[in-house]
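Shared chain: subunit A. Partners: subunit B in the first complex, subunit C in the second.
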Partner chain A sequence: MAKLLDKQRYKCALGAMQTVQAITRAIPVLHSGPGCAQKLSDSTGSSGYFSPNIFPCTSINEKDVVFGGTKKLETTIENALKVIDADLYVVLTGCIPEIVGDDTGEVVSRFADADKPVIYASTAGFKGNNYKGHEQVIDAIIEQYLEKSDEKEKGLVNIWADVPYQDLFWLGNIRELEKLLAEIGLKPNTIFGYNRGIDNINKIPKAEFNLLVSPWVSIGNMKKMERKLGIPYLHYPTLPIGAYETSKFLREVGKFAGVDEAKVEAVINEHENYYYYLIERYADLFLENRVINKQFTVVADAQYALGITKFLANDLGLVPAKQFVVDDTPKQFREAISEEFKKLNFNLEAEVVFETDGYKIHNQIKEHDYHGYPLILGSYYEKELTESLKGNYLNISWPVQDKVVLDDFYVGYTGGIRLIEDIYSVAVQRWN
Partner chain B sequence: MAVNLESSNVATRENRIGSITGYIGSLSDLANQSECGTLKGCSRCFSQSSTCLSSCALGQLSAIRDVAIIHHGPSGCSVASAGAYYLDKVMAKKRGVANNTVYVGTDMNEQDTIFGSTEDLRKIILEVNKRYSPKAIFVTSSCATGIIGEDIDSVVDDVKEEIDVPVVAVHCEGFKSRIWATGFDISDHAVLSSIVQPPKQKRNTINFKNFYESARPEIIEIFKNFDLEPIFLYCNSTVEELSHISESLATTCICGTLGNYLGNALEEKYGVPYVRSINQCGIVGFETWLREIGKVTGRSDKVEKYIEEQRAIYIPQIEEIKKELKGLRAVIGMGPGYTFEVSRVLNELGIEVVWALAWHYDKKYENGDVPPSMKYLLDNEIDFEASVADQQNFEVMNILHKYQPDLYLSRHPGSTVWAIKNGTPAVYVADEYMIFGYKHTLEFARTILDTIRNRSFEQNLAKRVKLPYTEWWYKQDVGTFLEEVGK
Partner chain C sequence: MSYKIAVASSDGIHIDKTFGAAKEFLIYEVTDEAYVKSEVRAAEEVRNAADEAAQPQKESGLQDGCGNTGGCGKDGCNSQTGGGCSGGGEVSGKVELVSDCRSIVCKKIGFHIQKQLERKAITSFDVDCTVEEALQKITAYFHKVDTHQSFRRASVENHNT
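Presenting the complex of A and B:
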């Protein structure tokens, strides 16, 4: 049902073109209107080997709406294979072909014998948002490209996390997750970002298990891989930020993978020592500044709302006010996510609201008593609001205008330190 | 042209003024063929993504202060609201004003495509009005609502009784036109039909259609010399200001593609003269434009005096820098409102245009004439290879690869980066005032010089990156994928 989307924080399913773009040398081929790619792109690392303005597109016109656009789709795919040097061609459908009933699957099947793989995903804008579109692309890879492997590679783990580009820190985060797993002796495999791509996709079936680090995105993909490829999965719902959660994460992954406990503890110990060496040196700043109070609010997708809430509560001893999850989390996952917000140290529980209407979110923030200046971590929409409340503001979720991120990250021990640096860089600019 | 403000629909540029997006040949051939009516645009059997007309239409409308845009469609259509929010905030801050414009979506889902959602839309319009009390409400369609036949006009008519500010339906189906500039016409049409009032008194004002008013303080100063006050449209405009634009002495614009519809409509409906000269880029452009303003507003003496003073300051400096630019070869790719204007400036500066791409081409302006910028080039026997391509980057790269020019100039995001990956220095002519008048023409010339003097960035990057196009493509003709319309 149509609803008032006030201060929107996600894109439509076709936004999954960015998921494809994050796979090096994979190109989206859009069966859509001429301007969808331009609308759905941001200037956040978009001029890579491929950029949105070179994505092949059928650029559907009025005639195609009436007579169908399958012929144009065929010539577009055929010539994309000739003109563009890619490893994987992913046809994505927009609203128009899905309403007028173009059989995209049939057209794509004509390219089964092409030199390069051509697959397709149904990503019409009205089918859901770009979190859903992301899952559709991964499903397409599983269903149309991957085959079950009898051969398994010892220690090989596929890591899956949240949505590239929608998540400002996607590149740095996934690299850091890889590093952490490698340190406890596992062999991480991911498909996104520099030096990853079709070879990594080909390795997926050989993994011993899938590791999903996300509150809900891709749970369906994990189940699909379990069924089709026989790969079990570990679902770790919290993005581990800072020492407390990252150590917990490593223990759980180590246990699932059967890694020697002593080895895991040694890795944790080394990281925590350095982490607390840094924290000790800056503890005076945290305690003795005059602008950061205890109460905070995160306005972000489930991933950051949960990850940052746990970090600020469990590592820095701050107290969660209301938290807002803005990614239109499917209803079936909401209860489990709300439960996670209740698992905080000292029996603290955070109240979480699933809300996509920014007006209502802002009203609730205005109504809350933060016992002083609020600390708000959210999207660019929260900037002016936080200023009006004389609060401290950090832009961590989409849309982002206040920060340029090339490969910075918030995950892990180092990521926690980076987030602290960002928060206190805001604080030190003020004096009360 | 005949403007029909009774209908909420605007005919596309293709249907109204014979605009095309596919052509390869030369400037003179393009002009000759359009004059004798033989020009037929081509379509492509392979194309890369371009731009949605709704971005142009709603980008314009959402820049108006304190209005509401309600984009009825899936969340991808209204995603531009995030950018509009940011722009409205920073542009207002720059001017020292407040802008509380809201741009919302309706997050249409699959069920809505089957059963329709006009009742929800009605509630959303009323709720937005209640929350923000906007000064005007624009309710816009999308591809999805257009195809399922959602009757937005009726919903708008229905809520008008309950809302005491203008509420207007804006038809923005992206598939309607390959020419995103049709979106500019759509926004003008919405403003004209819902906000602009018939004149009550003449004012000393000039309507100045532009994008982001970056040269606002400077133009205000220039116009003081002529006892004229510019009203910049639509960025930071208020609904009250817009209601009076029929009272101005004239309408002018920084980009013919942008201002064409509004200028002609104000002239036709309310007798406000539309300044149809070449634009303000470069020396000849600036002077021709100023003289035309002088003529239509009866201020020729003051204009001549200003030109004389300014020439004394800037012409010697421009002449000096021309010596260093002489002999450079350039390829340019821009909207037609700029391609043929910037070609003229490059010619003035002694830079040879080897190929000019226009993202579309209007055979004629609303009044039936060949665009003035084009006429100027032909009258002065300036000719070069030219093509029309709606930002088809693979065609641009093919041209750059073959011609290896010293310079590529472009006006649209995402295009200059490809030139530098090819190792070609590029100047991003994004600011519409980058070549405005004597002062900025001089700065523009200096920027070109700075760009070609230090090619480190281009060379470093080009050395390390692989281009995404195949060898096969570089061996093909630029027009390989063009086919006659109707095939």
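Presenting the complex of A and C:
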């Protein structure tokens, strides 16, 4: 029977048009019905040189279902190449053309000789959500654009982390990760955001290794690059937030890259000194039990649920209640992710539930005894619920209505401090 | 259940006439997925006021030969009679002529006429192919719609299982 998805927390695979948009001067060419892009383009921060309103689209209709839409697709790509000045054209397919069987790959292959690269990714909604779509786009770049390079650049590391736009902090996070890697002497390479783009994509094959900071998204991409481009990868499943995890992260990356240990320790030391200086100064606030909650729940994708849970338990000593992973994590990754939630300091373990149904999540939160006011970090859907429980609430996952983030971030030492600021700003407000 | 499809073709082989220029429509009777030609309907005598109104524009070169009267029809967008861009106003005689059909196939069709057909739940297809190909695809499509079958092609289905 058809199931109703209550409080949806992700989009269909075609939402990967935002992954394309995050690559500067790359444009999605949509082979989909009219309105798909309109519905998917609700995120803020998506105007600019290319915005979803001008994405070329075949706008297929009933006629194309009956007669096939490949002719329309060909002219749409042809004209997109003529009128849009972009560096990379990524054709994305919606549900309809894939159901009726349009051979998009064949049409795109006719543009192999075009002046600009044209690739395609299969992003039909029935194939999965936009996390999956994001992987499809990266896969398309690897499969159809990148070539193996014999030449390697010393210290060059490709960093892969959050899904752009789906993750509120994608831009700030990736820049901060770059900064941290640069500090230990590596040369970071990323493809998303300002001043990155096709040149960075071209650099991917020259990297010594790929660094993936994510519990599951893009693991397939890393394997694909290992096979095709011969680039090994380091999979670091936890988004490092705060001093404990970030130091661990830098040590692990340093070890994998063969960076001098003393150099890594020196960087860590400097950061930790400042970090704990700040923590010390506000220790009185943290120790003030009236202000903060004893137990917390994170309702987010695996990336944030895991990263924030570790941070709040390890750095702030808060006790995790149930954590909810809402990104429809593929089954094969769930066990490993659940294990990660058990690796907390102070002998703490967090119970994690993989659930996409908002109704069930809210019921479980209501049933739990938080020994006081709960602290809930989640999507906008959790706002009303938290208010009814008199808890403290912070909007950190999609959908976001409560926050405007331009290039703020939660990753690293500084990111941890930012998250503390956000949480305690909420907490102290209730006493004003 | 059987239904009719009107085709704008001068030779019965190619779909070579626009809706506006068609002098006759070939009517095919479809039962399940089998179709037979049942009649030829002359389209010239059915011109009514709506069609005549389009005439002067045609002569001045504004009409595009697709049954589109240029712009939004004879009253323009500010029509007080419910006309405008939604295909309102007086219905073309040709639309009346095929109003018992489920679908109309021609080389090109104007937006205004398309809307008029839509209001009568007639699906219009403007395609560039043979009559046979069009009829095969359209009847297969309607058959799937009527019998609640997936549009997914067999090859795609195999691929996913």
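What we mean here is this: the second predicted complex is superposed on the first by the 425 of 432 C-alpha atoms of A that agree within 3 Å, B and C clash if a C-alpha of one lies under 4 Å from a C-alpha of the other, contacts with A are read in each partner's own complex, and residues count from 1 in each chain.
Everything that follows uses one rule, which is that a residue touches a chain if its C-beta (ideal position, glycine included) is under 8 Å from a C-beta of that chain, and two chains touch if they have at least 3 such contacts.
What you see is a predicted model; the values in this text were computed from it and never measured.
When the shared chain is aligned, subunit B comes close enough to touch A:Ser51, but subunit C does not.
Looking at the shared chain after the overlay, A:Cys36 reaches subunit B, while subunit C stays out of its contact range.
Of the two partners, subunit B and subunit C, it is B that touches more residues of subunit A.
Contacts of A:Val65 after superposition: both subunit B and subunit C are touched.
When the two complexes are overlaid on their common chain A, residue A:Ile99 makes contact with subunit B and with subunit C alike. When both complexes are overlaid on chain A, the residue A:Tyr274 reaches neither subunit B nor subunit C. In the superposed model, A:Tyr194 makes contact with neither subunit B nor subunit C. Touched by subunit B in one complex and by subunit C in the other are residues 62, 65, 99-100 of subunit A. Contact residues on subunit C toward subunit A in their complex (touch as defined above): 123, 125-127, 129, 134, 137-138, 141, 150-153, 155-156.
On the subunit A side of its complex with subunit C, the touching residues are 62-63, 65-67, 98-101.
On subunit B, the positions that touch subunit A within their shared complex are 45-55, 72-83, 85-86, 89, 102, 104-113, 117, 120-121, 124, 127-128, 131, 142-144, 147-148, 174-178, 180, 390-391, 393-394, 413-415, 417-418, 465-466, 468-470, 472-473, 481.
Against subunit B, in their complex, subunit A makes its touches with residues 1-15, 27, 30, 32-41, 43, 46-47, 49-62, 64-65, 72, 75-76, 78-80, 82-86, 94-96, 99-100, 124-129, 356, 359, 380-381, 383-384, 398-399, 401.
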